[in-house]
Each structure stands twice: as structure tokens, then as C-alpha cells.
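One structure follows; several queries about it will come next.
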Amino acid sequence: MIDKPCLKVEIAGIKLKNPVMTASGTFGYGQEYAPFVDLNRLGAMILKGITLKPKMGNPPPRVIETPSGMLNAISLQNVGVEILIKEKLPYLKKFNTPVVINISGDTLEEYVELARRLGEVSKEMGVTGLEVNISCPNVKKGRMVWGTDAKATYKIVSSIRKATTLPLIAKLTPNVTDIKTIAQAAEEAGADALSLINTLVGMAVDVNSRRPKLANVSGGLSGPAIKPVALWMVWQVFQTVNIPVIGIGGIIKVEDALEFIIAGARAIEIGTANFVNPRVTIEIIEEIEKYLIENNIKDINELVGSIKI
Amino acid sequence: MIDKPCLKVEIAGIKLKNPVMTASGTFGYGQEYAPFVDLNRLGAMILKGITLKPKMGNPPPRVIETPSGMLNAISLQNVGVEILIKEKLPYLKKFNTPVVINISGDTLEEYVELARRLGEVSKEMGVTGLEVNISCPNVKKGRMVWGTDAKATYKIVSSIRKATTLPLIAKLTPNVTDIKTIAQAAEEAGADALSLINTLVGMAVDVNSRRPKLANVSGGLSGPAIKPVALWMVWQVFQTVNIPVIGIGGIIKVEDALEFIIAGARAIEIGTANFVNPRVTIEIIEEIEKYLIENNIKDINELVGSIKI
Amino acid sequence: MILNIKVKILSRKEVGPNIYLIRLKAPEIAQDALPGQFIHIKCSKDNYPLLRRPLSIHRIDKEKGEIFILFQAVGDGTKLLAQREIGDDLDIMGPIGNGFNIYPKSRKIMIVGGGIGVAPLLALCEESIRQGKEVRVLIGALKKELIIGEESYKILGAKVDVATDDGSYKHKGLVTDLLEGSIREGWLADQIFACGPKSMLKKIVEISLDAHIDCQVSLEERMACGIGACLGCVCKIKTKDKKEDKVKYEYKRVCVDGPVFGGSEVVWDD
Amino acid sequence: MILNIKVKILSRKEVGPNIYLIRLKAPEIAQDALPGQFIHIKCSKDNYPLLRRPLSIHRIDKEKGEIFILFQAVGDGTKLLAQREIGDDLDIMGPIGNGFNIYPKSRKIMIVGGGIGVAPLLALCEESIRQGKEVRVLIGALKKELIIGEESYKILGAKVDVATDDGSYKHKGLVTDLLEGSIREGWLADQIFACGPKSMLKKIVEISLDAHIDCQVSLEERMACGIGACLGCVCKIKTKDKKEDKVKYEYKRVCVDGPVFGGSEVVWDD
């Protein structure tokens, strides 16, 4: 029996106290969850996706519940990088938890400029890494989504890579035929880690008004409903790349987190579940520790990818 | 107020009493559900996917529940086309409900031969149409799945098209980057209708044994969990092709069926829900009729694709 | 501060067709709660439905440390909530939101509720009367059976008027007719507070603008987090830019920037 | 024929730690049911969990038109089922499966149950005794508190022996030790019927083959439809081809081709 298993993992050179991170867009700018969560205890915080300029986002309704899941069409409403730096990051500096900024853009140039700007202030403002959301449409290329094409993925990740020395996590979209080729492209382009999955595209219709339930028509599906798909993709990517993989999708209880870790995720991000149970991150950290003790596993890293096929 | 709205629809030249069909693999060979369902009342019956030769299928466990869904890895266990013809179809001949055979194969030749053989006996045995499951891997092409590539889709559908004059429904897989190009390829290849979606690929892990919960590792995700994804794809395809679209995925109550119809499906297939409520097909037919009456819609065809964006 | 706690269900009553009144033991929340705030509730014991549901705080009893919710069972979440047993622990977050702002100098208060929109207004009425204001309440409902709380307001000492769409009780017509009537009669409130369907709120804002009466409305939007993190629950709000020379629009969060907004700020048309 | 009906919960009792006995009013099913068959149950009132859960028919009371289920609350489905209230309508399908086949000419019957595997065996015991057989029952459990039904079997007139893994009651060891012991002592049954964990069943089949005793085992597998349509619940079965000269393997459905299989047909090793 061990009494204090090691929960530390390293992702993209970022040292985490434990493998539990918050998923972008579901934890605000961190402060919103401070009444419920001791932010010091988290593995890392990933903030709401940021763009160069502030964004207004989509009209409401923006969220709708679906069976064991939800659709969202927030569309990156955010304060823009300058206000992030000025008004949001200072608060987070008092915690000794790595802060990772999720970045988005309409054009390649926006991504690059964002990465550069955040790199510039990283020391001072405590930006530990970047997570590149490549699920955004490329407005210059007829709104094709960057992350649905291996070449486009390579291009955007390598361009950002050149613009910053910050640890770079590429966040993959699941709406693709072959996640492995996209993962490879991101790895070759210089990503230090991959996180997946972002949301699946979905839709809901109000049968009385015969209108889409979301003003934006389509939205991103998240929550427990998508967990099996996410797990499959994480396992596929884990077998394909040599950089760490972060598992995301439908994690709401400790078993879910463990499934991802066993299938190859070195860390996990918790999204929608924060809305259901604001303390879920901490509870899962505690229960992972319990699982390790019960199973006599000294170091969580032993569990990563330990699936027996 | 109308008291008897018209529920009849036509798909690929097949006349249906109503738009409610059974999804392949979830209704056995029809007879299994006869204790619960008056088979005469169904729009059409689609039987368990058939191959040229009998297939043994995957070892157990083959099914596992997931949040609002299930994973299955039956892998086409079936009696083979000859036993289908000799032992299963005769029973169904006494019902005046169209029988559609879902066909699968490991090679192009198998699909073609199956279609030819079923065409040959169609009059005598009451085969009204074929649904081509192009979610099977092409063993000759390194197990690439036919339906994940537009060219392969075109090839397989056009080859089958040449082999039979039976109404041909191409059943699309959702595990693709762009369902529209696949749909177009199937239409150009001569499909009379498209049905979608087949299952999403997924996986589950037992955290105690650290083994996959399915013996086959991965399986197909079905049930209410996938409805938002299915609905989005149906609406995308409806806007793209000129042939009828059949909506499948997570339909368990009348609103689900109506959502698909409003988003463009001329008919719908009910799968996993049969396992939950064996009478679900009939109940949904009755409730669609009620909805039409309450909304003063004389003909269900008016509802098809009537979504207001 | 918003708390996430488990609170005991003390009582549950069906006070109208599918309308339930539930009393909760929640001293920490009762202590802090303001009229117009809400709590975010996990309706079932498992994760189905997945998301919490927002319900206004209907009454606040600081002495007993109790709060009340009044709600209509419309969908899965509220139906499950209506079935929860007395003695059960309910997982709630709250109190959330800005609440109504009663100005110290206001003397006359008009409260207008439509349908289940009356829910947050009882606490407001009680507080207004406690502060010594003169309070009138207008209640609108589809029909007689759906009128909720008429007596409760009267007991507090407010003058109550009712309108029903079908005329099955008191004034036949809209509650906004009553509001226009009272203004015409010369009863000019210093503040109007309203909660109810969007169409009603919009009309009330028009009336209040015409009559130059300050008006606050409580809005609803579908919510996920309920605490300002997801940006799911927004409504369009007119703001002025720094130089105050140009009107801007912004999506504000109903959960923490609202649910109460100044009537004239709200953009109704999209 | 398999029915899908709603049946009343007449009583519910926790008969062991997390083990529940529920009595259902189901005359149509009681009428037809055979020992070894099961019912497929919608555990909750909504669609969460999604799939039904299979539970054996524990007792059949044809006279009163009642059936019993005996189950262990292990996961979401069975836990919700254990919370259903008396008087509730339970949505079930049944009776399903082939049931145990008691040969008319058998005189001595050996019944072996491990853990919750005893559930379907009480009905079998009752029927065997009704048919005038001499019945012995061997029950295996992890520890004393988990032994279920010892008395019920005795009341029926069967001779009952018990083994516990930890020795907290009667024989310390495996129930298969008892089976071997009884054979050694010369009590040779004409048929052995068994239900329980796979490892136990496998061992019992070995013992029965050695002793040349006909053996039937009731298997479990994860199910979706429960009526033979989905092919989800298969187990590997040895069959002979038409000419009977070659062993073949086939995946048979536990739900309708089983759950009872001849011990020697079952392929255990994958």
C-alpha cells in the first residue's frame, strides 16, 4: 500500500500538480469558479478562447440541452487579448497553477499575432502555454475549418510555432474522417502536445416553431454523450504521435477521467461537467488519488496508455 | 381541422404508408418484433445487414451502455443471403409492408453479387429495395471504409446500381469530415435515396481491468446521444442533394422524428429505441398523426424540410 | 458570494395546475438573498437531465432561514423537481444575479407579473413594503386557475389587480391594460418592476418610457453554468461607449449581469 | 409469447446487503413462465439508463398470478430499480428464454448456485419438487451475509448445503468443493443445474463431465433488445455440422437461445 501516490504529469514542458485541467469556454476566466474551487489545486487552467479583438458572439439562444449533452453556439464571445491581459490575468497570478490561453482567430495572421503578443507578456502575466483552437473556420479560405485538413493544420500550427516559444498545445476537432493524419500534421508542425476533442457539430429543432433551437442553427455538442467518441479518438491519436495527448469530452466522474488516462491521455480537461457540478474538478482529482492508492499505483504516469488490448 | 392527415411518403420509388421505418440491425429479421408490433402498420422494414455468406461476428461483449446511448460491435453476424431468402423472407411476405434489405460486404464484388442475387428473387420473395451499408471497411483497400471517401462511395454505389434495378438507398456513415461530398457522390452514382446516419465510432474502457469494454475494442455509438449530430448531417445533406433523405439517429420520441422531418428527412428509421420500447415505432406513427392534426397539416410531405432558418 | 450547497426540502405544495411551491431550509442563502435573485438547481439525483435549472427566489424568510421557489412543471427538469420528496437534499447554487434595485427615494412602487413571472415578485413586494413604500401589484394570467399569489400580495398590504386573457376573473384582457389604466387614472409610480413573457415586458417598457417612469425587468434565457462562466445566457443590451456619444450593443449575461435589467437598455427585436 | 406489459410492484424487501426481493403482479407472465426464464426490465421511468436490464424470474406463483425477482443493486439500473416504490407500474418484457429442461425420467436433481446466481434456481427447485424429484441444493457465497434463500429452499423440501469463501458460515471454500464431495459420497444426480459466476460454471461443467452427469448452466451476457433481435448477447457454443462429423462454433443469443445451455456445449475460453 502506498499512501501518497504521485499525481504530477508534464505536458508540453508544463509541470502540472495533477492531470486535471479545465476545458476552454467552460471555466470562464477562472475567477468565476473561485467561490467553488481552490484554484491552487487544479492541474492547469485553460481560459475561454481568446481572439485578437473583442468578439460579440452569436445571438441567443446559445445553449440547449440534449440527451446527456448540450449544444453551444457561443461563438467566441470574449474580451479580446488586451483586456485579457489587463483585467483577467492579474487575478490569476496569485495562484500557483499554470494558466494556458486558448487562442482563436479568423485568419492565420490573427493566430500568429495573438501567439506573439501572449509570448511577449507571458513572463510578466503568467501565461504558461497556449492551446490553439483549430476548430475555427478560416474566413479567407471559404470558412473551411483549419483543423479538418491536415495541410491547413500543419500550416497554422507551424506558423504559430514560429511566432512563439511558449509551450504549444494543438486542440483538435473531432469532425474529421481521420483524426490520426491531423494529429500527425500538428505534431510535425511543432506542437508540443495535442488536446482532443473539441465539440461535435450538432443541431436541434423546435417542432412547434419549426425553427432551429439555437439562433446560430448549429452548435457544438459536448458532455457525457460524446465521451465514447472522444475516447476512441484519444486512443487512436495516442498510438500515432509521440507527444503527450490531453483527453477531453464528457468527463463528469472519476471513471471517465481514468478511461481517458488508461487509453493514453497524460492529462484531461473537464468542460461541461463544471456546469453540472462546480466542484467536479477537485472531486475528480481526489478520486483519482484514491483510485491510485486502491490499485497500488505509485505514479499516475504508469497508468497513462496502460490499456490492455 | 382535418381528421385524417396523409402520412404517405415515397422513397426511392417505394410507397410507404407512413415515414417510419426500422433501422437495420435493431429489428432483427422482423419476426422478433411481431409479438409487440403489427408489422403491417410500419412504413417499411429494414432487416439486419446481410452478407453473401453467413458471418459469425465478433466475440462478446458486444454491447455496452453509454450515457444516453450504446456501443455495439456485432460486426454483421448474419445468416447469409441464401438463408435469408429461404428462411426469413417467406415469413415477411404475409405483411403488406415494404421490406428493404440492408447489404454489406468485404469487397466490391460481394456487394454487387448480393445486389444481383436479391434483385433476382425480389419479385418472388418480396424484396422492395436495397439499403447499401457503405460503412463497412474495404478489405482489399487496407480496410479503408467505403463511405468515408467520395470516390470510393461513387465506385461502390455505381457498381451496385449497374447490378440491380431495385430501388437503391445508400446509407452514409457520419465518421467523415464533409458528409455533403459523400452524399453528392452517392447521388451521382445513381442512389435513389440516402439514409443517414450510421453509428459514430466510439469506445469504452473498464477502469478495473483496464481493458476495452467491448471485445472488439471499438464499436458503433447509437441512441439519443447522437441525435444532434445526425440531425445536423441530415439537414446538410437535404440542402445538397435532390433525392429523398431518410433520417436516422437517436429517435426515441415523436419530437425526435419530427425534428428530422422538419430538417428535411422524408422518412425516418428507428434503431436503438426499439430495444428500450418495442412498440416505439407504432407509438411514433400515432403521435406523428396527432401532431399533424393539431397543427392542421394535411399531408406529411408539407412538413418535410419545412424548417425556418 | 454564490454558494453551492445541499439544502433540505421542508415542504412542497401544488398551488395551481402544475404549479409548485417548495420551501427550502437554506439559512446561508436566505441571509444574503435579494429580491430578484435566483438559485440554480440540480433537479434530479443523477445527471439526467444534465444541466441545472434556474428558478427565482420567490420568498425570503431571513428569520427562519428559509427560501421558497414557485415554479411551473413544464419540461423534464421541473417535472422531476416537482416529484422530489420532502426531506430530500436539493443541490443548489445561489443566490445568483443582481436582483431588483429599489431606490431609497422611491415612494410608490408598481409591480407587474405575467404568468409564472410573478415568482420573483413576492420577495420584492415584501421588501418594498418593509421599506415603507406604497405598493401596487398587477397580475396577469391566461385564466382564473393560473393566477398565483393574489392573496399573498394582499396579506403583505399591497393593492392587487388582476387581468385574465379569457376574462374568467376580474379584468378581461392584458395586464398591460391595467398598467395603462392606472397611469391614466394618475397613479404614477416612481418605479415599475416587471417579470413575465417577453411580449409583456416589451409593452411595459414602452408604457414606462412614455410615462417617464423608471422600469426594471427580469429576463429569462437558457442557462448552462448559471454563474457567468459559459456566456450561454446572454441578452442584447444597449450600452454607451466611453465618450457616451455612440450607442453600442453588447451581449450581457442574464445570470450574473442580470437577470434584472433597466427596461430601456434591453434590445427586444432580435 | 413474450409480452411487454406494465405490472404493479406489490412488495419490496432488502433481503441482504444491497440485495432486493420484489414481488410483481403479473398473471399473464406467471401463467406461462418456466424456471430459468427472465424478464427484461425498464428500471426507471425515463430513458436514463437507456437500456432495459435482464433479471431472472426468481419465483413463480401461478395461483396468485405473481412473480418475484431477486437482485443485487450493482450499478445505475439495479440501484434505481431498488428505489421504485410499492404500487408503481414496472415496464417489463417476458417471459424470455428457454428455461431449464427437467427431464421426466430424472429422479435426483442437483442445483448449484453461486452468489446472486441463486436467483433463478428457486423456481427450478420448486418445480422439481412439484414433479416429485429428490432435490439437493448447494449455495456458494463470499460470506455469511451474502447467502440468500437457504431457508426458502429448505421449506420447499430440498436438502441444502452452503459454502462460504471466508468460512464465516458452514463449509469454508467453494461451492464446487461441496459438489465434488457429494459425488464422492455417492449421491449421483441425474441432472445438475447451475447458475453463478463463469469460473464456477466452468468448474461445475468439468465435474459433471467427469461424473457423466447431464448438466445445464444459465449464462449471463450484456443485453440490448433481450428478444433475439440485436445479436448483442451472444456466447460461443459448440455445434455439430449437418453431417455431425465436424465441431463448429457459433455465437448463440443468451436471451432467446439461452440463457440455459447444455454445459458441454459452452466454450469457456474466450
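First chain written, first letter: the chains are A, B, C and D, and each begins at residue 1.
FYI, a residue touches a chain if its C-beta (ideal position, glycine included) is under 8 Å from a C-beta of that chain, and two chains touch if they have at least 3 such contacts.
Keep in mind the model is a prediction, meaning the values are calculated, not measured.
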item: Chain separated most widely from chain D, comparing mean CA positions; value: C
item: Highest-count interface - the chain pair sharing the most C-beta contacts; value: A-B
item: For chain C paired with chain D, centre-to-centre distance based on mean C-alpha positions, whole Å; value: 56
item: Rounded Å distance between chain B and chain D, as computed from the means of their C-alpha atoms; value: 36
item: Whole-Å separation of chain centres (CA-atom averages), chain B against chain C; value: 47
item: For chain D, residues that touch 2 or more chains besides their own; value: 47-48
item: For chain B, residues contacting two or more additional chains; value: 67-69, 223-224
item: Residues of chain D touching chain C in the complex; value: 46, 48, 76
item: Residues of chain D defined as touching chain B within the complex; value: 1-4, 42, 47-52, 93, 221-236, 249-251, 270
item: Chain B residues within the chain D interface of the complex; value: 25-28, 32-33, 35-36, 48, 56-57, 59-65, 68-70, 72, 74, 77, 223-224, 252, 272, 274-279
item: Residue numbers on chain B that touch chain A, as the complex places them; value: 66-69, 71, 148-149, 175-178, 200-205, 207, 209-212, 217-219, 221, 223-229, 231-232, 235, 250, 255, 258-259, 262-263, 291, 306-309
